[in-house]
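There are two complexes below, and they share chain A, which is joined by chain B in the first and by chain C in the second.
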Partner chain A sequence: MWETWLWAWCPKESQKADEYLREIQELGQLTQAVQQCIEAAGHEHQPDMQKSLLRVGLEGRAGQGWEGGGMDSWGSSLCCPLALLRRLPLETSIPMRVRRVLTARGDGEQGKYRYKQLTIQVLLDRYGKPRAGATLPPLSTPSHSLLYPLAIQICEYLRLPEVQGVSRILAHWACYKVQQKDVSDEDVARAINQKLGDTPGVSYSDIAARAYGCGRTELAIKLLEYEPRSGEQVPLLLKMKRSKLALSKAIESGDTDLVFTVLLHLKNELNRGDFFMTLRNQPMALSLYRQFCKHQELETLKDLYNQDDNHQELGSFHIRASYAAEERIEGRVAALQTAADAFYKAKNEFAAKATEDQMRLLRLQRRLEDELGGQFLDLSLHDTATTLILGGHNKRAEQLARDFRIPDKRLWWLKLTALADLEDWEELEKFSKSKKSPIGYLPFVEICMKQHNKYEAKKYASRVGPEQKVKALLLVGDVAQAADVAIEHRNEAELSLVLSHCTGATDGATADKIQRARAQAQKK
Partner chain B sequence: MAAHLSYGRVNLNVLREAVRRELREFLDKCAGSKAIVWDEYLTGPFGLIAQYSLLKEHEVEKMFTLKGNRLPAADVKNIIFFVRPRLELMDIIAENVLSEDRRGPARDFHILFVPRRSLLCEQRLKDLGVLGSFIHREEYSLDLIPFDGDLLSMESESAFKECYLEGDQTSLYHAAKGLMTLQALYGTIPQIFGKGECARQVANMMIRMKREFTGSQNSIFPVFDNLLLLDRNVDLLTPLATQLTYEGLIDEIYGIQNSYVKLPPEKFAPKKQGDGGKDLPTEAKKLQLNSAEELYAEIRDKNFNAVGSVLSKKAKVISAAFEERHNAKTVGEIKQFVSQLPHMQAARGSLANHTSIAELIKDVTTSEDFFDKLTVEQEFMSGIDTDKVNNYIEDCIAQKHPLIKVLRLVCLQSVCNSGLKQKVLDYYKREILQTYGYEHILTLHNLEKAGLLKPQPGGRNNYPTIRKTLRLWMDDVNEQNPTDISYVYSGYAPLSVRLAQLLSRPGWRSIEEVLRILPGPHFEERQPLPTGLQKKRQPGENRVTLIFFLGGVTFAEIAALRFLSQLEDGGTEYVIATTKLMNGTSWIEALMERPF
Partner chain C sequence: MAFPHRPDAPELPDFSMLKRLARDQLIYLLEQQHEVDKLYKVENKPALSSNEQLCFLVRPRIKNMRYIANLVNADKLAGRTRKYKVIFSPQKFYACEMVLEEEGIYGDVSCDEWAFSLLPLDVDLLSMELPEFFRDYFLEGDQRWINTVAQALHLLSTLYGSFPNCYGIGRCAKMSYELWRKLEEEEDGETKGRRPEIGHIFLLDRDVDFVTALCSQVVYEGLVDDTFRIKCGSVDFGPEVTSSDKSLKVLLNAEDKVFNEIRNEHFSNVFGFLSQKARNLQAQYDRRRGMDIKQMKNFVSQELKGLKQEHRLLSLHIGACESIMKKKTKQDFQELIKTEHALLEGFNIRESTSYIEEHIDRQVSPIESLRLMCLLSITENGLIPKDYRSLKTQYLQSYGPDHLLTFSNLRRAGLLTEQAPGDTLTAVESKVSKLVTDKAAGKITDAFSSLAKRSNFRAISKKLNLIPRVDGEYDLKVPRDMAYVFSGAYVPLSCRIVEQVLERRSWQGLDEVVRLLNCSEFAFTDMTKDDKASSESLRLILVVFLGGCTFSEVSALRFLGREKGYRFIFLTTAVTNSARLMEAMSEVKA
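Up next, the complex of A and B:
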């Protein structure tokens, strides 16, 4: 309010100004008015306007008989910029009265000496920086507020980079501002943001820390809203016990480590129910916490899934559990049963049925181990059947295949492979004749050749269907017959395949035959 | 020196030097002799930044692998732990420190967190009562590691799983940080494009981080014209297919780790006559693969079918060069020949190595099974029979081929059909569980969560639309002299790279419909530059695009991008960044879960 008011009448006649000023004084709000006036001057880039604002401020100050540190401390801290002031161009000059004050104070030996000693940085800091500590540092006495705009002017004049100059001063100013207890949090925060904006190098979290130090938590939170660096926001929020806010800030940042840090804080701070509820509203945090639990607190993971009715994941959880701790078969089956139940609840019938099959298989494997000896537990169904055949228990293998509905094709592959491994050629032949092979007879040829049994392979080669006949004949090394079949098929691809198998010395005649057939085919 | 990093349009040696400097500065902070205790995972990536000689110059005398109990004895003043910020590693470190305290002279302990300090970890160290033992606790922001002149990787194996399965964005945060580092070195990137959820988040974090840095105005002239952020889950298809470039096949078959490959030694045995093959080397042959090797740079991105002819041509050139010695008559000529000898010998060694590798690969690619697998893949990608149970896959399961191979194929079929019919899906799943074990139900869940394996929603298959609009399948592919990126998969043009290509010309507006089908938002952001830094492109000067694959990239995709960079009228050159260099196998591997 004061800002606009003063704004309005500043450039006007000073007579009138004085009247207003008296009025304000009577209202007992001069201090504030003066400060705001000076702040406004800091905002203002027009020298004229700045001059007027500063003038009003100073007049008010002089008229009031300043409280706080009093004229003395005010003056002593003013002495240093003197030399600078002298260098400021005329158009940015400050009213004579200020000059006079400054001159009076600063012309002394001590003042000059001090200025010489100070680098510009120190100079600015001295006039801007509130010192840490519970008591209000001298700098933040109202008398000092005059120096902020001045310091800014100096910076601009000296063309200091923003980060070193203006930003520092603005930050210092803001730290001073948060200590004005009579201004509402809302207003202070807004005023600070208006002035500071996104000025590079300004740390809102420092200012907020200062506000918090003065017991103004709400203001600190408001100020933190302007802090773009979450790494700075979050620790302070935690310190102020605003963990939930800290959590959403951490999530916004994408920095998962920060999120974890807040989560562990929250976990200690809240009771379990509240903690879970908080997680529930933050999916990203929830998934991170799940990851944490997966490695650190398995039981909590289960509780989390339970809370969310995530039956699918619960099912997987119990599957894992069935492998983890339990040695005894009963314990494992029980864990699997829980998993299957969860899968049913998740309407994942496939997984439920598969898990029940697994339970069945486990029990069976235990029985097989008891009855037949050997190792069956944790073999796959396929390998269990293979092991049975290798052990000569064909009947049991067939029973197993029926019980678990192993598809015919795969069963044939399985038996074929196992019997060939055993080199039980008699049994293999019997098997091949048990019915028409669902996988054809080429695999029989291949597997016999793999075991280097050409004699057996040839038996099956004759039974291979026409489509794969050439391939089969070539496998058993019967190039001539392969050529005949290929010629009969009039299949160019097959002809070239046979030709590629013709070795110069022995298959010369065959090769010629193929070439002739080709030539003939081309004629037609 | 790492000269191969400075060949490209953007000198990535600048980045390497910057991170080396940071490392030296840290080492010098810990004055006196040192031992480094390594988080084993970091040694590979670190090797690309600093050799042991650099560490030695800074008084690193011993190196250990981080493990429990006591540290091995070492007479050094400082013990430095180089670790990723992981809780389980903190426990080990605490164990080390506590057992160390009880004996002998006091040491100075330090921790270097890579790539970021972690409050969580420090809290754990505090809880374990050892935090105070550390003098320096710092972070080493090694986010993006330069692998080659146009290639950066974070080598974060778990990034895809964390992002898409576990909702953990840590790697995205690191990616954003890495991009900020790049911008600090190479200037603000004026334009950011993106497609996908993770891309959106990384862009948001970058914009946010930029706000945090206001104040330090970046006054570097921008090297990159734009950034394209791509989610891996926008293109789940490409990594599943078998890569058919030379480098891609080396990676598929032998696995390239931190630019090194280990090969079976037999083919590399020195050919000595009369040795009768007695002392065959048993240790794997380890080779570094990057563009520092001239021949490799030439053939790495070619379709494997085009590599043979280059190798035989090279062989002729080299033997001709060696024949020159017979023509060298005068002392001057001989001198000149001798001066060229080292270079020629290096070229001959390189040729011998790659001829051996090519033979090894050829043994695989000419096998019948490889051919059958490729045929099935190509059928799926061109849209043939994707909606029913595939015979070949069935046979693979029945013969218990490696599970990862089966999973890759099933996932490929699912992706090429926008999900499988419930009946087909359940059949595959049942077959897999029965054959490989019920424990793999967890792996199958993971694949479903990642969207790699799923039931088709509402019986609609979007893939044909995507395939046709983006021209993903090209029938007339030229493997020898390619005219299109589809050469890297002999017919299939990687979707991700097609998106990049279309973005550069004519722009994504032309494919709005397809972009809407693909998951996640697509967006564009601008980062304003001060007027002095705005670039005026010379006529004919190419744009430089940094393309960042969030969740991994394959060598075939990299080859396709390099192909686009080299096109005469392409207009865009690419620098590629990723969370991990990967292939279908390592990708699926990372998604697998083995409960025992």
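Up next, the complex of A and C:
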């Protein structure tokens, strides 16, 4: 209402202005009035008229006491485009449309009549980007494409930095360019790239989005090729349902999150087979997806391996299942059987055999638990045997060793340790005499000493082979004899070893003996 | 003892900035959520808190998401309504959100990111604390953390200026580097004006050098890590160390004056040093006899506190040493080290193999056995088929059949492999190279090596002179090269590579080594002509270990720095050691 009112009288009879002003003031609506005057000035195309309108507004403010804030900022935001307009050479003959664009009113959030703050950037955007729609008279294409040079001229005049100025206009130009339906995709893309090159601040993906908006998908893809940041290309590619391309772009970007986003898109978009095929060609995406499946979708993981005929991994998968997913022994054995089959297919005979052994062991452990009680399940072969010996089932342990081909050395270590733990010295001695020890007799000495049984240790020390004899004798604390052996061996290293064990007065004689032997050896 | 830096050694950059930055960001995130009263570990357990809101600070792992989902769903079942907030550190992964969605709780939680990727463990050591990086990348081929690495590098260059010289080796190094460059380009302008504080950056993949990481550590800090496990720069010393009935958590860094002097020392020197130190301390205490009142007052107010502190630390480290000695100086450990050295030098392979076999048969330690097998495999270019089968069989018999999966993992990662039948590539290679030019021969072997990635350790060792020739005893008190961190028997490969490249300022002349490392496509140099870099900054080098570094490597490079007047700074995805590597590869029953 106020607007029309002011519009009606303002330019015509300025004498009446004061009267109206007073009236307005009485109504307590001065603030609005002043605002509207200024707005009106903005709407006017003739500089004279603008001036008078502004003057009215300013007088109102000065005379009656201005209460509303923000006047100054209004003034300056208005002044900018106005001043600019006036300073531009007249012969550029700015079309009416442009003037209106410059002074167009935007709808602010709060007030209906608030001026949109026309910053230079907005101005340029308006300038460069002709608004489609009824608010502006339709313009012929050639005339409005002529505005771009003008806009660039303005930028240069204002010495705007490239990113804020020229780049923006070029971007707008490109957006306009993609709307030219009569030009081929090739030509448009090339033209845009020629003009824009890699101007900073230009986003090819934005332009591509515009092209896609106009229904030119192919052009959009071509434009995206110019986008240097591969990550920026992905969202649009996804939108355009070019998911596979999006996937390779995402991988290029090195951003795993982006890759994952695309993967889930693909998963929903493609059927399972195609999805897997796509993954197959992208190892990085595949490993990412596998990681996810390992935690979230175990079945999918299996399918993935199946698809690839990756029997090795399938085998591993079932092994894992045999102890993680299955509870019942039958289920576990079955899982192991599947694993073994897979390993055979993968030509990994070693793993297959090991898996079959494990199946046998599991069954046996189950039987042992039933017959003997106690815990056997999930023990390793070694620990199973040890547990048997510790439980006094020596026969069973030996049977186990035969059945599972436990090597002699291991069996000796195992028995030795277990019997010493039991402190079953009698059995240990019997065992040591059962045949010649494959691990020598030093371990017997060591283990007896570990259990602080010097008496037993000495028994074995005498049986230790010559190479380790000195060590064994020192272990049982027989320094004197160790010295004798070392001297006999004429081994310098052994002599020093014994010497380092000679402590205090007790071994004084031995130490002397060694020194003498050394001296003698040197003489020779 | 504790060699001082050369007087012209450059100052280290101030890492406290990183801490402040991270802290401020976390405080900001937490302030949005009011009154965080207590922290709980995210576990698969019902939440004990009676609070109306729960805030989870987690790594972006699917497992963690499941825990949270279980918790939220349990609340739902019980008819409880709470607010939930998940803060992901260092970043959120889409896969995690997916899981929340699939578990039906995406609408119930709000998510945030805490971009805390660099934890300064010490004045010269930054850790991303991502031990999972190793398994994820080198075993599963999962590249998710590369982006995190690139972000971290980007942060460093914003804070300390861009790096004028970049070098790298390894596939992951190259990817991280390229991604990082991309980030810099996208946000250019910011860093350009800054004067670079750090002159060089060197990126290195762990799989370039597995050998070093697999060796037993004998430098004090490494040994402490191997024995007690240092976590996040601190260690739990048990009762056997503290000689009381309590465990004590001790921070191990440059602030600990005693530790700082012995951390890089070969263990054989440490005890002597500590006892000397103890005597000095006693002498200082003793000074108070014969003091007059004023001097005594001075002593009590100024020195006593420091002395007491030092006393406390000293007794702790002596306790630690004793405990290590008890565990390690037994005959077993010496035999072990002897075997390792034999493997590194490549002699008595049969003897070493039977040592390993005995190790397995006796069930000495599952992780140790595995480590020795890997060491044997890498140094020998894979095990001969007979040993490969028999060692694996023995291992399965000792430790259970589920380790079949462990072996499959180790093979995939290239840690434990079988020599291909008829693997006489070296013979063919040498013949070919006599016939054609070296370059062509390189190409031919490249084609072969793409079929079976070979470690070529022996050849590399010869080229880079990793096994020092020792005339007489190697004096560990006065080390003459980086080999001292392995008792003078072996110069860590990773550190040698860094040294060589820095000397040349490029990979030039190292083509053969790079080829043997199977990294022909992944060795790069990038120098920007930057006049702004001061000569001081040019002697500051950031070494980035992708997949973890060991304290021995850190010690070795610290030594190199002292020798050459450089300062090294380390950025690692996590501090690692042989046991951690092996555990990462093991399949453990869940």
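The criterion applied here is as follows: the second predicted complex is superposed on the first by the 367 of 524 C-alpha atoms of A that agree within 3 Å, B and C clash if a C-alpha of one lies under 4 Å from a C-alpha of the other, contacts with A are read in each partner's own complex, and residues count from 1 in each chain.
As a convention for this text, a residue touches a chain if its C-beta (ideal position, glycine included) is under 8 Å from a C-beta of that chain, and two chains touch if they have at least 3 such contacts.
The shown structure was predicted, so the numbers you read here are calculated from the model rather than taken from an experiment.
Asks: Tell me which partner A:E218 touches in the superposition: chain B (first), chain C (second), both or neither.
Replies: A:E218 contacts neither chain B nor chain C.
Asks: Name the contact category of A:S316: first (chain B only), second (chain C only), both, or neither.
Replies: Both partners.
Asks: Residues of chain A touched: more by chain B or chain C?
Replies: B
Asks: In the overlaid three-chain picture, which partner chain does A:E269 touch, first (chain B) or second (chain C), both, or neither?
Replies: neither
Asks: Who does A:Q358 touch here: chain B (first), chain C (second), both, or neither?
Replies: Touch status of A:Q358: both partners.
Asks: Which residues form the common part of the chain A surface touched by chain B and by chain C?
Replies: 229, 254-257, 260-261, 264, 283-284, 287-288, 290-291, 295-296, 312, 316, 319-320, 323-324, 350-351, 354-355, 357-358, 361, 378-382, 404, 406-407, 409-410, 413-414, 417, 439.
Asks: In the complex of these two chains, what residues of chain B are touching chain A?
Replies: 85, 87-88, 116-120, 123, 162, 166-170, 172-173, 176, 201, 204-205, 208, 211-212, 214-217, 394-395, 397-400, 426, 429-431, 433-439, 441-442, 445, 595-596
Asks: Going by the contact rule at the top, pick out the chain A residues touching chain C in the complex.
Replies: Those in contact with chain C are residues 229, 254-257, 260-261, 264, 283-284, 287-288, 290-292, 295-296, 312, 316, 319-320, 323-324, 350-351, 354-355, 357-358, 361, 378-382, 404, 406-407, 409-410, 413-414, 417, 439.
Asks: Sort out for me which residues of chain C touch chain A in the complex.
Replies: Against chain A, chain C makes touches at 62-63, 66, 93-95, 98-99, 102, 136, 140-144, 146-147, 150, 175, 178-179, 182, 186, 357-358, 361-363, 389, 392-394, 396-402, 404-405, 408, 587, 589-590.
Asks: Quick one: which bits of chain A touch chain B in the complex? Just the residue numbers, please.
Replies: 162-163, 167, 198, 200-201, 228-229, 252-258, 260-261, 264, 283-284, 286-288, 290-291, 295-296, 312, 316, 319-320, 322-324, 350-351, 354-355, 357-358, 361, 378-383, 404, 406-407, 409-410, 412-414, 417, 439
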